[in-house]
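These are the structures, in structure tokens.
Two complexes, one shared chain (subunit A), two partners (subunit B, subunit C).
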Partner chain A sequence: MVLNLKTSSVETREQRLGTIIGWDGTASKLADESAFSRGDCGGCGTKARRVCELEGPFTQGSVCSEQMVECQAGNIRDAVLIQHSPIGCGAGQVIYNSIYRNGLAMRGLPVQNIRFISTNLRERDMVYGGAEKLAEAIRLAVERHQPKAVFIATSCASGIIGDDIESVARTAEAEFGIPIIPLHCEGFKSKHWSTGFDATQHGILRQIVRRNPEKRQDDLINVINLWGTDVFSPMLGELGLRVNYVVDMATVEELAQMSEARATVSFCYTLGTYLATALEQEFGVEQIKAPQPYGFAGTDAWLRELARVTGREAQAEDYIAREHARVKPLLDELRPKLKGLKGYVATGSAYSHGLIGVLREIGVEVDGSLVFHHDPVYDSEDPRQDSLGHLIENYGDVRHFTVGNRQQYQFYNLLQRVKPDFIIIRHNGLAPLAARLGIPAIPLGDEHHALGYQGMVNLGESILAALQHRKFHKDIAKRVSLPYKQSWLAQKDPFALARAAS
Partner chain B sequence: MAKQLKQIAIYGKGGIGKSTTTSNISAALAEAGYKVMQFGADPKADSTNTLRGGEYIPSVLDLLAERRRVDAYEAIFQGFGGIYCVEAGGPQPGVGCAGRGIITAVELLKQQRVFEELDLDIVIYDVLGDVVCGGFAVPVREGIAEHVFTVSSSDFMAIYAANNLFRGIERFSNSGGALLGGIIANSINTDFQREVIDDFAAHTDTPIVQYVPRSLTVTQAELSGRTTIEAAPQSAQADVYRQLARRIAEHTESKVPTPLNPPQLREWSARWADHLVAAERAEAERQVA
Partner chain C sequence: MAILALKSRPTEITPDADKSGAIELVRYVCAIGAMQTAAAIPRVVPITHCGPGCADKQYMNLTFYNGFQGSGYGGGPVVPSTNASQREVIFGGADRLRELIESSQLVLDADLFVVLTGCIPDLVGDDVGSVVRDFQKRGVPIVYAETGGFRGNNFTGHEAVTHAIIEQYLGPWDGVREQGTVNLWSLLPYQNTFWRGDLEEIKRLLEGIGLKVSVLFGPDSEGLSEWRNIPRAQFNLVLSPWLGLSTAELLARRYEQPYLHIPVVPIGARESGAFLRKVAAFAGIPADVVEAFIAKEEKRYYNYIDGFTDFYSEYWWGLPARFAVIGDSAYNLALTKFLVTQLGLIPAKQIVTEDPPVEHREAIQAEFRAIDEDVSVDVEFVEDSYTIHQALRNADFGHKPPIIFGTTWERDLVKEMKGSLIEVGFPASYEVVLSRSYVGYRGALALLERIYSTVVSHSA
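Presenting the complex of A and B:
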């Protein structure tokens, strides 16, 4: 699909990709209904990418697009993020600051606090407009931090009143001589928060990435990621390639040079598809179209495609052979210890596809997963990036594959259905509920933990470590109760309310 | 290679005849061979009525209310002379936010590259009454329309609305927003009405693009669900609209208006009120004598 970088706001995932946030069935059925595989589900319309969606009557709260802007644009080291919003929208920055600091430390970068300013929109500003406050906030941001760029996150509040953020930004850009970048991420615009990733990347593509690069850096690879440890540099170093980590923790210059790189990869297509596709479309920086680098099958294919694009096939084959030889004995040791265990993955969508493959690779049973949304197609529209299809073809079906936007009340029924020994989770909000049911959680704060060959070993060891405190969780379960009615606790169908409402 | 698209917006007080004027401009442009889109930016969703034989079309917001994923082309209907008709639509009276509705509808069409794909020559936004909030200012800011025209009669409230529009344009002019093309002076049938509107134009340093007389032909055409261009192509009024359309099509240079501030506007209108009273008195005295 052709991405439209001319407009200031990004098209939502619902519009662009047909993204859904409610679905329940087998993984193979979802793959069938998605555009990558074989078309629509019948009766849903003529668009191949339209997938039937279960819509519940209420939600217990999740996250929004603006928060994804906070955790991306807010984590650029020499920029400032202004949240043009009521102060409450910035509450998430408390946790993001700790993640950011941890991420910097893990990468060996100087640890610093995030730099964000809220315009603190109030009722008065909703009536009279908040543009002047925004202009003042930009001036303060420049004075206090001397940033290389200023990002402006919109909010539901500024979006509803139609504040003219573009012209404020343009005026300030002319005055201060640095990119001032509006990111349109009004929470009400998209039911899926991943649209916030796209909003950040859209703004970076429009205003930071170098338009007419004078040089090409043929050994430079853009790696779209969040805060994970640096596992890419050693891996790509084996192929004689250098890593340009974006977006989190990058500098403005590192973002600008994305157009000079040889290719773009990511650890998760949910996160990376927009930026990578646009870099290819606008600057000819190739997007690696291969399965994600998880498990043997994914990592092999991913490395081979990267090697093909960069002309390093021999080095890659050598590296693959060495890694297989190194990792296989380690896995042979782990597998007997993990035998008979059942895991449950609750993460973002493409990331979950990768993790399930890793679990199956190390002999852990998986018959359930909750992904927070599902994109029936990614921006590249290339079937080589069909992460769900790759999972099914290489590691088999998943019986209870659920798409849901992190609803606690549903999570109870989901876990009851499969009764796992542990859950893997990246967004920790659901972990306490699992703990109350006696199920330990592996919180993958470092999203690179399970990546590549070593990732299989890492994840196996993490599972064993988590199971060490199974007794602790059993004790918790004995002593706490859940705040739901008996009728709901007895409910077998997590989507019973949605089905009743439709 | 796509041709240079010309986007204009037409504002003015409610009930002043914007949709009538706009539809006749669109019809005249289509007649002259241009590829035209008329975008009705009013919750009433009736801007394009006379281009469609009196028929209402589903609005962009109607479609968005029904489902989450909308193909912009579902909201585009062809009318007289192949004109592409779109209605933004909006909420019920007293409900929701109409300004937000306009923002949403304009954004949808822009994102889906409708203007480029249809290879249009001219898009005309028929915007409701006044620039009362951020949403209604959308067509004049962010470079969506390059030129703005206002429809105004010589009535004070129409001039008040026009002056408000000028203030909006002045505000956005520094940041790449649209500039003012001029006033379409509507329902101008007497010398006195002409003097009033000319004086306002002079005070705000604004050209009058065209004087459009009030005409029964227009009413008759509207009642039959058509534009004057379609219903009475040989009429004098149709020629007035053709001339207006030609001027708009050829228009290139817009500028920043110099609106009156509220006290100035009050003073200006008071002076005309005095003038009017004096004129009436003189007329009454003349009749007595």
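Presenting the complex of A and C:
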């Protein structure tokens, strides 16, 4: 598959990868039905990648592509994001400001507010169009902040009324001499928000990344991440490599130099699949095709592949040996304390595959997970990146593996099926329900928390801390009334409505 | 894609659209944010017909990164949504909405569903009214409000929701009014970070002079039974500069129910006393009852203020003299009144940020102009934070570091100005707010603690 960077809109994940948002079964069955190394499809349709998807009549509020544009393009330190939308889409400014500020603080960067401008489309603009307001917002962005680039996020409203954002952006780019980058992320266009990651990365690839790099930085590694603490610099430093963190909290120049780097890695293939594959396709920047860096097996394999690509095998082997020696006694201390515990992971897809591996590595039982979507293949189409396959091969099957688009009503039944001692979660809306059932959550704001060798220790310690919260949760669980009907709470099958409808 | 004609609405809720410009760092959300107005009524569940991110965005920033209030029984992640896709945009979403309402009844335990629309159905012209009316005819407790984001903000969406419940859920009423009962229409739930604690304190004050109060929203509301009893109350009390007025007017038209409008939400003894006397006069409560309650409250209040006097007169390291308030008209007016009349602070800049409908702006101006017998304030109406911050930089705060009553957006600015920030409004992402209140007698004391703890903690 060749990624098409010629058009300004990114192809949605469901078109490119066959992404689904509803499925329930064992992890091994899902891997079998997914294309990757395992080949065959699950029998739905004739396309190569087609997993049978459960679709029901009842759905709770999900997340849209534009939110992922906010959390990526909106967090570039010397750029401005314009939301070409009615004011409600600007609500994300509050959420991502808080996350951005705290992320900057964690990374030791100067704390500042995000720079988002809403064009504030009103009823009149729905009739006459909002192009002038967009042009004016771009001018304001440039005057106010002297940005190195301006991103434009589209919205459902601007998409439906058909504003010609491309021509406004081109005119402004000629006038101001900086990249003005439309990101097509209308919420209704893709059923899963992860398309929004791709929309941002598509725009960066088209208009920011240096097209004809004059030099190569052979020790520079692009690390696709979010706001997490800087765990990559020390780790890659052991191999004599430097880190270029993208996309969040990067500068425009740091994004531009991605084409000069030696290779690209990420903490999560859901986030990194598009950018890393396109960098390889367009600029020959190699994508590290290995398991994700979680647990001993994943981290070992990931480091070895990175070392192979960059020609640093000896340093890597030395580092791996030292880290094994350092971490093993720490884990030996942790494992007895964690013995007999059961965890549940509810996160984005590839990230969950990594976390389950870490949990099993530290002796925590996992027989259920909810992932918010499933990509049957990543953009590289390389089986070495089959994160679900890696999980199953190294750590065994997961009995209750569910794909669901953050539906709280199903989460109740999912938890009843598994009855975990704690959950690990990164996205809002589900932990509050678990809390009301007496189950504490580990909210992973720092996405690097469980990464690499130290990540196993970190997660183990976080579990022990979260378990202490049980006192709080057990207390509230006795007092709470859930908004769901008894008949639904008694339902054993979280997908009963979907199955009845099909 | 062709645009379909917009349906006309019985009441125009969008303020002067032509003047609206770009907004940086938002201070309100869109009309569908009123999903949290519905969710603020116990056991009421909103159903949102909109794109996949709308509901999440509105609730996460109203209920989470604004005081971490929690999203309520039927709000936040509970809220059903059509998560409208390309299919609904092209072919219309009425069938999908019907399916969602049907299935919501199977899953959710609610006394009333409130359907709210987003941009997509309002633009493609879904006939949401006819879908909902079918359910109403079948006896399903459900109403709908058109709250597409381009139609207005969460203040106007709030009124659209209250109108929808009154017009579509409450029946005709010709009984006898119950003397001594009042419906309270005041602060906007969830947008105002302190609304729950504040409603509790206002209710306590009104009960103190013998009234029976329906607060309608929040933990002190009895839920739909209270709403059904709305027409029975002796009168409606609108306690805010403008929000709730159109609802009170609707009730006056529909049930010939009188209303009292008091623009200033009371903070501190002076305003609380004045407030109670006005309400008592309107309700026909004898003066001795009111005065006895005020005297009791003042005794407690001034006992604490007496203790505070040592600090206020003798703190060695200086206290701020000038202040600015950036926020919704209700809290802005209330705080300014309190800080000027009771503490003797000097107002340097007051900016109202919720885009009040044009017809109410003159009245709001007038309240600020008459803030005290010797102080007049010229309030500005601005929504764009960049413009607001420029105005604050240019304001005259004298030679002392200022105290800014604002939002999280002012954190960087206040650091730059070496002042103190009290986050009192949306968004307040660095405050955790449970039952805290800043109004009435008790709230004023909590506010003083908050202000001066902030100031003192800066001093070393």
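Rule of thumb we're sticking to: the second predicted complex is superposed on the first by the 496 of 502 C-alpha atoms of A that agree within 3 Å, B and C clash if a C-alpha of one lies under 4 Å from a C-alpha of the other, contacts with A are read in each partner's own complex, and residues count from 1 in each chain.
Note that a residue touches a chain if its C-beta (ideal position, glycine included) is under 8 Å from a C-beta of that chain, and two chains touch if they have at least 3 such contacts.
Please read these numbers as outputs of a predicted model, since none were measured by experiment.
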Winner on subunit A touched-residue count between subunit B and subunit C: chain C
Please indicate which partner A:Gln67 is in contact with in the superposed arrangement: first for subunit B, second for subunit C, both, or neither. second
Between subunit B and subunit C, whom does A:Thr264 touch in the aligned arrangement: first, second, both, or neither? neither
Is A:Thr402 in contact with subunit B, with subunit C, with both, or with neither (first, second, both, neither)? neither
Taking the superposition as given, does A:Lys191 touch the first partner, subunit B, the second, subunit C, both, or neither? both
Quick check for you: in the superposed arrangement, does A:Ile161 touch first (subunit B), second (subunit C), both or neither? both
Which holds for A:Leu140: it touches subunit B only (first), subunit C only (second), both, or neither? second
Looking at the overlay, does A:Gln385 come into contact with subunit B only (first), subunit C only (second), both, or neither? neither
Which subunit A residues are contacted by subunit C in one complex and by subunit B in the other? 159-162, 191
In their shared complex, at which residues does subunit C touch subunit A? 1, 3, 6, 14, 17-18, 20-26, 28-33, 45, 48, 51-62, 64-66, 70-71, 73-74, 76-86, 88-89, 99-100, 102-104, 106-110, 118-120, 123-124, 148-151, 153, 386, 408-409, 411-412, 426-427, 429
In the complex, subunit B touches subunit A at residues 68-71, 97, 99-100, 103, 107-108, 110-113, 133-135, 137-138, 141-142, 172, 174-177
Where on subunit A is subunit B touching in the complex? 4, 6-9, 11, 14-15, 18, 47, 50, 129, 159-164, 166-168, 170-171, 191
Given the complex, residues on subunit A that touch subunit C span 56-67, 82, 85-95, 97-98, 101, 111-127, 133, 136-137, 140, 144, 155-157, 159-162, 186-189, 191, 193, 405-406, 408-409, 428-430, 432-433, 481-488, 497
